[in-house]
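In what follows, chain A forms one complex with chain B and a second complex with chain C.
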Partner chain A sequence: MKSLRFTLSGSAACFRQPDVNTLVYFTYNNIHKVALLGLLGAVLGLSGYRNAKLHGQEDPIFPEFYEVLSSLQISVVPNTKNGYFTKKIQYFNNSVGYASREKGGNLQVREQWLENPSWTIFLKQNNLDDIVWDKLCSSLLEGRCVYLPYLGRNDFPAQIEDMHMVELFPSRQSRIDSLFLYDGDLNALGGGGPAQYLFVETAPTGLVPKYNFYEFGRYIFTNCTVPEAVLPPLLYADGELQYCFY
Partner chain B sequence: MLKELLHEFTDHQSQYPEFDADSMVVQNYRLKPGLYLRLNKDSGMEEFYVTKKMVLPENDPLFEWFKQADFASSLIEMNKPVDPKKKIHSNNLYTLFCKHDTFGVGAVNPELKEHIDRYFNALLGTRDKESAEILKAAGYEPLQDKTVEKSKALFLSSLKTVEERINHYNIKDNCYIKLFLDKNLEDYIYESGRYLLPKIFNDNKYNKKINGQVLGLSNANMGMNAKKPYLEHKTTEFKVPYRITAEEGVLLHKFFLWLNGQEKDGKPLYTGYFPVGKHDLPGLFTVASEMKVRKPAVYVHLDRGMNVTVNDYDFLPSFRDRMDNPVNFENYLDAPKYPGDKLNKLSAVEAHINAYLYGGQLVRNYYTEKIQVTDSLPQVLADQIVLTREALHAWLRKENDCPMQSCVDKVTMGVLLARLQNLKYISDLAHALNVRLSLLNYFRRGENDMGYAIEETYIVLKEKVLKTDSKEYIACQSSMEFYLAVGQLLYYYFSLSEAQKLHYDVLWRGIASAKSVEDIKREHRKHFQKYAYAIDTDNSRFNNMLSIVSSYESKEEESINLDALFYGFASSSIIYYKDKDKDKKGNEKNKEADKNAEN
Partner chain C sequence: MQKTNRVYGILAVGAYMANFNADLSGYPKTTTDSHIFGSDKALKYPMKRMWLMQGDPILYIKSMQSMKNKEEGEKIQPRDLNERYTELFGNLDEKTSSKEVLGKLFSAIDVMNFGATFAEKKQNISITGAVQINQGRNLFEDTHVLTQEILSPFRNSNEKSEGKLASTMGTKIVTDEAHYVYSFSVNPANYNDFIGLADGFEGYTVEAYEKFKWAARVATTAFNTNSKSGCENELALFIEMKEDSQLYLANLDRYVTVRKKEDRILFDLSKLANFLAPRQEEIQFVELYCNPVTVDVEYGSLNCSVYSIY
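For the complex of A and B:
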């Protein structure tokens, strides 16, 4: 299977978790599928959530980037020890004026940012339209984009490097070297020895039609072995490592 | 974040069957101070008076009953009352809670009747469409007028007796007066649902009905504010950030109540870890020292105001308190009272650094937004804490030593210089320098141990300076020796001063800001001139030391070795050195040194 591989990195990133907003906005540790599709949508120049409203059109079932790209399959490998990125809570003011109607017009924001995140990303065409896939591949390989791709906020430009077409082969090993979605019992994952690590994060996997709420899934990154019976589908290897697509 | 926490919370019961969310929440639920009265069916009354500082009874059935009934009947928050005027603070028809002054001090407040009428009308009153929908979905039938009237009458008829009881206890403060009807706890729990379900969302105006299920805005650590339009998600289709089902809302509510009650040794817990996967302890929320086995864990820090808010969250893929490599806190300066030791637990290392480098000011200020400047915490140190705490926190609480790796030198030196400004004892400087040198050695594994090198040079210097019999000219061998000697001399001048109160700051301002060897020498000369009147020309040790300092010429541009300088200052003085063997022989020079030491 042909797959497009590239490294996605930046000096900082913030993929906001939507569940709390009182004191601090927390970030996901890894770029999730919806955010990555949005980033690829920016590369291709597809429109986002607000387009229909801005142009007075009827709300579509999905924003264009999701409508077009959701059939794409991806695999993400965090390039850091144990899959953990250093995070820091930043405290800044949003003083544009319209962000707060309180006296002074100042909105205080505390936001957790990832520091120097870097992921290796694999894209798999799956059911994506040939024309779109070819355009996506050529844009990425030639380093062209329509809108500026960024990591969660437009303050954090995304660095896309090392773009290659690679050949991957179906595989069924028990050790998975990328993030994968896993719903089962965490205690079933074993091995790894004294250096065992297990990273768990419930993060968006897709959008609900019409309302566009997030659908959530549990992403895992670990050096444990996964029992044969609960191995996720869509495993591919490049001869050295095994990646899971979702 | 919340999904991870809830997962461990619910998963805990499958690992510890006795951990049932409801009873765990009630178990550490604390009754607010006030008078608790149960109106029994035989028109008798049972009561319990809770004061602020009392030791609460254990296994008292009446007290336990009050705890559970109160838990079921309290408001989620003051912004979600049943009584629109917020005078009555209970939530169902079996209870009547109000503050002492609302009830009436001395005698029943004439307005109380009005409040009670309004409260019971509100209980009966028509609800908005969304609330009605939620209640209907949960199978609640509307309340009957008759039932509500009956309990209202019971409360009204008891007011006089309640007043007597208040006077009996001679209650003066504005604590709670809480009346309960004698009902089964199941009834209480059922009726609490009538209040809780429609109020569990932040605001029912955001509710959406999808596939027959009502989804509403979560109320846990979530708020919308008309004055802050950017709390809304402006660029998504769903606008308000996080919609959940009412059941999940109730679970979250319980989770945060439970979290609120977490304490250790009678003190509320602010920091803790949730083990992920297999839970080794029945407590679930644990402190670092209890994380004995390496495993994934969720780190949480809480802000405890009116409500509990999570203000730091991180998922640690592999954490335990014991470190793979211990930190060897070496007593390089041979300072008295410094517990030099190999520490292999993050919590112990944290305590050590906090005590000996930060003078006890770091840990308590990890999350302080605006650090209060006090006598023992000057502005410079507060600034340093703000600059350095993130790196230390990441290392000591999350076992992520990446940030420290790159800034250990800057962090420790910055704090040390800040501490100098109001150092109480010289030994504090010695302790702080010990920590700095030990940490440098720890983070620069494979490099030369600077502390050891300075210590060696100090021994050589000592030999040289003490050698008083030879008339040889003593010259400086290395830059490190020079800085050590300068430090020693500065301490000597310091000890000669007869000022009532000496500030290290005066002595150090010039030194710490020196840019070159020349600056240091100039600074030294200044002090030498100042105290020259008190120095005996026969003091050979001093002369030797001075000769070392003045004979040193820097060859090229070199950075200033403040470590050696501080080491020289804070380690024991060679000029005052007392040699026990020679003492016995009655060495003249030593006698002179003794005399100086006494001064």
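For the complex of A and C:
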């Protein structure tokens, strides 16, 4: 299977969690599927979440990027120890006077940022239209884009580097070297020895039609072994490591 | 005149005995590994102030008005978005068409360059700005943060305080020398969706870009508040891409280093030159503006015209 592989990084990132909307904004630790599709949509020039009425259109079922790209399958490897990026809460004021209804009109924003995040990303065409896939591959390989891709906030440009087409083979090993989705019992994961680590995060896997709410899944990154019976589907290897697509 | 080609570049700000951008504690903003940085907002604010002084309409800036209130009497307070919009562009109510509002928004020079989020009176408008500025990292290694005690002219009004007979102390926090390097991009394609939607709007313009370019060169120097009075624009690099180029360059500040060379400050752009060399055919021309009195530049193989920043 041909796959497009690249490194995605930046000096900071913030993929906002929608479940906290007061005092502090938190970020997910890793780029999730919806955010990655949005980033690729920007590269292709697809439109994102926007006010459809303003553009004289009916509200679509999905934003254009999701409509077009959701059949794409991805695999994500966090390039950091144990899959965990350092984070810091940054503070700034929005004092234009429009941002807060409180006296004085000052909005204090506290926002958690990932620092120096880096991921190795694999893309798999799956059912994506040939024309779109070819355009996506050529844009990424040649370093071109229509809108500038960013990591959650438009002042965090995304660095896309080391782009290659690679050949991957179906595989069924018990060790998975990328993030994967797993709903089962965490105690079933074993091995790893004293250096065992298990990173777990519930993060978006898709969008709910019409309302653009996230659908969630449990992302795992671990050096434990996964019992054969509960191995996720779509495992591929490059001869050295094994990656899970979702 | 419409501007359609992309621009990438670098903006450098020096801070001498000044605090270019503080966080809630009053210290310069830092990452977890104590690297100092400044936000895009810290750089945009002096630009907006400069445009405002020159008489251009600026929407997203604090403006005050005097309001009468039964309990508190007459007090000044900031305008809200609706009030500011009305002050600049006239009436806004539920029946105002989005076309009209969009057209008016784009007539403000800050919106034309940096974009807007406008949610007021049944309008729900989000414009990603053509100009995007990143976080600016302090690339100078020998930066020290200094805390100075300053005396207040007033006595402590708290009667229970031990120091109630003396005037109070405060602190002022500065960096002795820091050099913030920002990377920016200008992508006129961000507005393509709005052409024809907004009254009288034909996309990003050369005039708006020239105003940004001028502000990017001098606005920080011109801006003199207490904490920013030692901050000045030191270097500005503009890489004009060819008309149809869709080349993507991210975070050019990665390829810049800053160090001292005797009593002058040296910006080393040779890595940047190496990075740009294989992409030369996508580039129309490169312009570099710097302060010729204080700044030296190591160009490497960079092919650019050089001007004074003022």
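Keep in mind that, in the parts below, the second predicted complex is superposed on the first by the 240 of 246 C-alpha atoms of A that agree within 3 Å, B and C clash if a C-alpha of one lies under 4 Å from a C-alpha of the other, contacts with A are read in each partner's own complex, and residues count from 1 in each chain.
The rule we apply is simple: a contact is a pair of C-beta atoms (placed from the backbone, for glycine too) under 8 Å apart; a residue touches a chain by one contact, two chains touch by 3 or more.
Here the structure is a predicted model, which means the values were calculated and not measured.
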item: Partner chain(s) touched by A:Leu186 [first = chain B, second = chain C, both, neither]; value: first
item: First (chain B), second (chain C), both or neither touched by A:Tyr211; value: first
item: Which superposed partner A:Tyr98 touches (first chain B, second chain C, both, neither); value: both
item: Touching partner for A:Thr86 - first (chain B), second (chain C), both, neither; value: both
item: Which superposed partner A:Pro194 touches (first chain B, second chain C, both, neither); value: first
item: Which superposed partner A:Thr202 touches (first chain B, second chain C, both, neither); value: first
item: Chain B/chain C common contact set on chain A; value: 50, 86-88, 98
item: Residue ranges of chain C in contact with chain A within the complex; value: 23-24, 29, 31-33, 39-41, 60-63, 77-81, 84, 98, 102, 124-126, 128-129, 132-135, 137, 183, 185, 187, 189-190, 193, 197, 246-248, 250-251
item: Chain B to chain A touching residues, read off their complex; value: 1-4, 7, 208, 210, 215, 218, 220-223, 226-231, 233-238, 241-243, 276-278, 294-296, 303, 309-318, 390, 394, 400, 402-403
item: Contact footprint of chain C on chain A as seen in their complex; value: 10-12, 43, 45, 47, 50-51, 53-56, 86-88, 90-92, 95-98, 103-105, 108, 115, 139, 143-150, 154-160
item: Residue ranges of chain A in contact with chain B within the complex; value: 17-24, 26, 29, 48-50, 59, 63, 82-84, 86-89, 94, 98-102, 107, 110, 112, 186-187, 194-202, 208, 211-213, 216, 221-222
